[in-house]
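Shared between the two complexes below is subunit A, which has subunit B as its partner in the first and subunit C in the second.
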Partner chain A sequence: MSTRLRRQLLPYILVSPLLVFIGALSFVPTVDTTVEAFFRVMPLDPPTAFTGVGNFRALFDNPVVITSWVNTAVYVAIGVVASVVLGTAIAVALRRRFRFRGVVLALVILPWALPSVVEAVIWSWIYNPTFGVLNSALKSLHAIGGYHVWLGLDRWLTIALIEVVQVWQITPLSALIIMAALQSISPDLYEAARVDGAGPLASFRRISLPLIRPAVAVAAVEALVLSLNIFDQVYILNGIAPLGSSVMLQTYVTTFEDLNFGGGYALSLLVTAATALLSMGMLALLYRRTEGAVT
Partner chain B sequence: MKDLRIVGRRAGALAAAIALVTAGAACGSSSPSTSSKSSSSSITVAVAYPAPPKALLDQFTKETGITVNWVNIGWDDLQTKIAAAMSANTYFADAADVDWSKVGEYEKTGWFIPLNQYFNVSSLSSDMPQLGTFIVDGKLMGMPFDSSFIVTTANANDFKKAGVTSMPTTLSGWSSALTRVGKANGMASPLDIQFATAEGLSTCWYQMTAAFGGSVLSSSYSPEFTSPSSPGYKAMTWMVNAYKSGLVPKANINVTDYDGFTTEMAKNRVAAVMCDYSGSVASIYNVPSSSSVVNQTEYVQTPGSTGPGMNVANPDGIGIPRNAKNVAGAVKFIKWFTDTENQAIWAGLDGPKDVVSTFPLPARLSSFKLLEKAGNIGQASQLAAILSAHAKAPFPNGAPPWYVQFSAAVQTNIHEAAAGQETIAQAVSAIANTVNQLKSSG
Partner chain C sequence: MTADYQAGSRVARAVDSTAARGLARALSRRPAHAVGRLITLAVILLWSLFPIYWALNTSLTTLSAADSTPAHYVPSPLVGTSYRSVFGIGGVSQDGISSQLGRSLLNSAIEAGGAMILTVVIAVFAAYAFARLQFRFKRTIFVSVLATLLLPAYATLIPLYRIMASLGLVNTYIAVILVYVSGFLPLAIWILYNYFNSIPRELEEAAFVDGASPMRALLRVVVPVAMPGIAAAAIIAFLLGWAQFLFPLVLTTDLSTQPVTVIVAALNQQRIVPFTLMMACGVLAAAVPGVLALILNRYIVEGVTAGSVK
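After this line comes the complex of A and B, so read on.
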């Protein structure tokens, strides 16, 4: 084998373990799920048989699944908007160096570093209607007369409170992504703007915001993917009750509670498609070329 | 027995799942060949129970040469684990939980192997009254390892404080007594019934239906709860009304049964539990380190519509998954675990040090005799009497193979009815539709 050929092959050889790894853990299951989504796979009612779009039709005929899609849309809307807005605010606040900035940064990152199961358990105690901190704090402030049941009774309140936990967890990542983009902006631009008479708000709007747009896009897509796939928080805080069910939770219920694996595969496929389409749409909307963006 | 054994329920499940995989891998490494099933010196046991005392497990290892990797997973999560592993045709344990409700499902899917060749059904049945619950079409799918059944428990001190000296035996009498008990003890809501979407809610409905004198499904698995005059309909109405009227704490909409026992009854926030488990008094309420009602609670006759009602039996079993690597070891373990003396030890024969936490009652009558003779577990004779006279299977013909879907429909719809998201009639109709669909497809 010639030296040239060896050089040409080297990159492929180096990435091949990764390709095998990704292929085995991602590509093969995806293909398998896609194929099986068109089969009726029910261990309790064999045999497995091709059913075409039967699984998908059954899903759209199921009001609980429809409810879970609507709920998920709300989770996504709250999650994306709140995490990007809060993430940007935190990034701006932490952009400049100050004393104990490292400690504050570590505290901000902490919710992101904790497993979502642990966080949901912590918040289940905060929301606990008998001895939770939320009731106790609100009552101390005379904001409520008596203790409230926060989860499980009102659909939108339940969804909002579950999403608070999700936002609490994913916002640090958004903040880090946006902060990295903010720190890459040359101080000369702000200095020039200041000389031209621009205030902090105008500088942020005219300089920071356009230049961090790609980072905001990445943060928004990250929030979109995580919110669309929300499971742990919903399961721990509200069980499998349809009231606050997300589409990922419904995938779990269809697959492992109903033992309808074909239906579960179909729902997984729909979630994957929705994630891909919405992510691409969001990137197209937000991720624009930054060259010449500063006006 | 369901959420009673959900210790650290959902968070714990994750860690337990990891432990299970690790344990499974460890076991696999010592037994590379599945064909030589008795060659391994270790077995993995996955159940929703804490392990027996280490000294006794060590004794088992000494006697048999088999090391036991004990994996305790919450009941609901364990069922998911079993379904996932068996569907993927993957090894996960050598011996695992076979709940009474899963027997039909496991027989139909072949996920667990019949135990007939290892255990003599005819000779055991006289000593194990609930053995029949684990037999489907002549196949013994699991060995019962307890005599769990649903009971009613009450805090006698709280009732006395309200001037209730004899426990009411009817549900209407029970409701008015509880109202007085609540007022006398400063409890806004004195009764614990779980309403979280978990198996315990389904089981409670079967129990309440039995208390009203019926069953939710007929022997041919048809819905028997659609008429407003049926016991099942009345039971659901009674439960939901108890919640909506404030007899049951509002917080219970997201409280599982085990949470209710440990955070409400054991802390004296409620005075009674309607769907409690036989064994809770000894294993939860009389444990000084975690209970403030030690020696105050007792099992009472379950109230019915006109007099004492029936109690639903929900025994736990242990079986051998199809993909077990050490079948011989698993058989030896099951024989040891369900042995007369050991069953009595798990329930307190040798004192608290050897008790298996949350273990209700032995599966064997011979173990009961040992306990009664020793006299060191509270109300053993009362429980034995309830077991023999009042305990009945929730389904006359055994659990249907599609039980899991049925139970999911039951728990979600009763939960929704209590949360005010649907009416009783809608909940009943939704559950009945699910049953009819499952029957027609299965």
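After this line comes the complex of A and C, so read on.
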């Protein structure tokens, strides 16, 4: 009898540590953010009081916050497109067996495994206006006449070059996800297409692309979530200047530099909502197209 | 010196000849195709590795060589001064960098390692329950845990900081580890859930026939078989922990708990640390995850792609 009771209780015992962690450190904080976003919370200037949409109105009256939203949209657009396109290209190039493929894969994954802060510091040296290798290499190739200041002058160039650093880090993830999908496609399909006289490009478009679409959707959503929340690379390569600021950087500045916690909560809630809505929307869009392509 | 050089060139020759044989064989089959593939491969590797190589290159030369134009593509002269000053060898230590870097590397190891162990232990038990046992609200709990994967990690930054502040845990290992674990659990559960589902149930049923309890079956039968999946969850949790920046930036305030990412960012912000030293610090901060990723890459591939193709 006691063994039966133990057996019935076992699942709850096994999941309870998980529930404590996720409950206390994920659900409670998420609810807290949602509630506090409508309060004035200033640790150095109490009291805390309900302000309704006051925090949100203040955010949208702040030109720096607006700039950071527009910047983030550009970070996301570049990040999603570039990492998915490059990831697909790498996946196609490395999907088949060849000598040293294991070694090549291990090396390709490396940028994903290293801390983004360290990577951003390395790229800041590559982009260095006086001694950076980017200037030096482009000059040697006669692509530029003189040395450029890459970061901090032109807004869009700064954003694009910072996003390159993130794309460099997250592309291996996209490549791995898409490669797994490519490898699960039956070789018979390609063989049949070849017999029917389809070239490599046609079989990629007609067979590979429709079948890897779910994987592309997953890779795109991963890139979306990561680029919408870009912080480390911006913090190192742009600092807290408005020029290349991202929403997450602005959340950090509002909360921990201006000590306006209410504003930080509101901004944080908006980023979370945007991330959830956009990622679900993107998933729905790409998945539906898949079904259409298959049937 | 000469012995080293000869050994080096012997290795280089051996590598050359294998590569050449492979190349010749590939070329004899479909020449244009093979050359195209080699170029593609070279471009992919250049893109993936050049920045890392560049950090090594700069860290292994002198400041005057690193600051010369046009750039030197191999370290010349090849010197270890940057690493000597980072390690504080020979009295050339610079502004306490060596003590800061050493301590912060230790902090990173404790925080990433602690988070890894706790994440894996909790996730193994919970994922087993989700994969094998029946209980009320199973689906609801499972789906809501996985739903947090779609939320940005930083959504909970401010409340987590305030929770830790109110508990007096800011600037402790515990705060950092607890926050990491809550963030890494959903992914670890997903990886392990998929792995447990790929293990045939007959294995446990045999144990049950022998009179083992479900707990015993999990620990004695399932866990040993699931080791590759557990390794995947563990290495990914460790790498994620080592790479964290914004959470420790907020949750840690001094060298007693600051991980190496925070210290590298702080040194970089001072703008007075020479780039040769900065790159040596970067290489050391990236060495542990880099070496782990190279050795354990097949588990990373397994973990990252777990269940993504469905």
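Quick notes on this one:
In this section, the second predicted complex is superposed on the first by the 274 of 295 C-alpha atoms of A that agree within 3 Å, B and C clash if a C-alpha of one lies under 4 Å from a C-alpha of the other, contacts with A are read in each partner's own complex, and residues count from 1 in each chain.
Here is the rule we go by: a residue touches a chain if its C-beta (ideal position, glycine included) is under 8 Å from a C-beta of that chain, and two chains touch if they have at least 3 such contacts.
Computed from a predicted structure; not experimentally measured.
Of the two partner chains, subunit B and subunit C are each touched by A:Tyr235. Contacts of A:Val117 after superposition on the shared chain: both subunit B and subunit C are touched. Of the two partner chains, subunit B is the only one that A:Leu259 touches; subunit C does not reach it.
The partner of subunit A that touches more of its residues, comparing subunit B with subunit C, is C.
Once the two complexes are overlaid on the shared chain, A:Val108 sits against subunit C while remaining clear of subunit B.
In the superposition on chain A, A:Phe50 makes contact with neither subunit B nor subunit C. Look at A:Thr30: by the touch rule set out above, it reaches subunit C but stays clear of subunit B. In the superposed pair of complexes, A:Asn128 makes contact with subunit B and with subunit C alike.
Common to the subunit B-facing and subunit C-facing surfaces of subunit A are residues 115, 117-118, 121, 128, 130, 235-236, 252, 256, 261. Considering their complex, residues 10-11, 14, 79-80, 83-84, 86-87, 105, 108-109, 111, 196-198, 249-251, 253-254, 263-264, 269, 401-402, 404-405, 408, 411-412, 415-416, 419-421, 441-442 of subunit B touch subunit A. Chain contact summary for the complex, subunit A toward subunit B: residues 43-45, 64, 115, 117-118, 120-121, 128-130, 149, 151-153, 155, 235-243, 252-253, 256-259, 261. Note for the complex: subunit A touches subunit C at residues 3, 6-7, 10-12, 14-15, 17-19, 21-22, 24-30, 32-33, 36, 90, 93-94, 98-99, 102, 104-119, 121-126, 128, 130-133, 136-137, 139-140, 168, 172-173, 176-177, 179-181, 184, 214-215, 218, 221, 225, 228-229, 231-232, 235-236, 248, 251-252, 255-256, 261, 264-265, 268, 271-272, 275-276, 279-280. Residues 22, 37, 40-41, 44-45, 47-49, 51-52, 54-55, 58, 66-71, 122-123, 125-126, 128-130, 133-135, 138, 141, 144-145, 148, 150-160, 162-163, 178-179, 181-182, 185-186, 189, 213-215, 239, 242-246, 250, 260-261, 264-265, 268, 275, 278-279, 282, 285-286, 289-290, 292-294, 297-298, 300-301, 304-305, 308-310 of subunit C are the ones that touch subunit A when the two sit in their complex.
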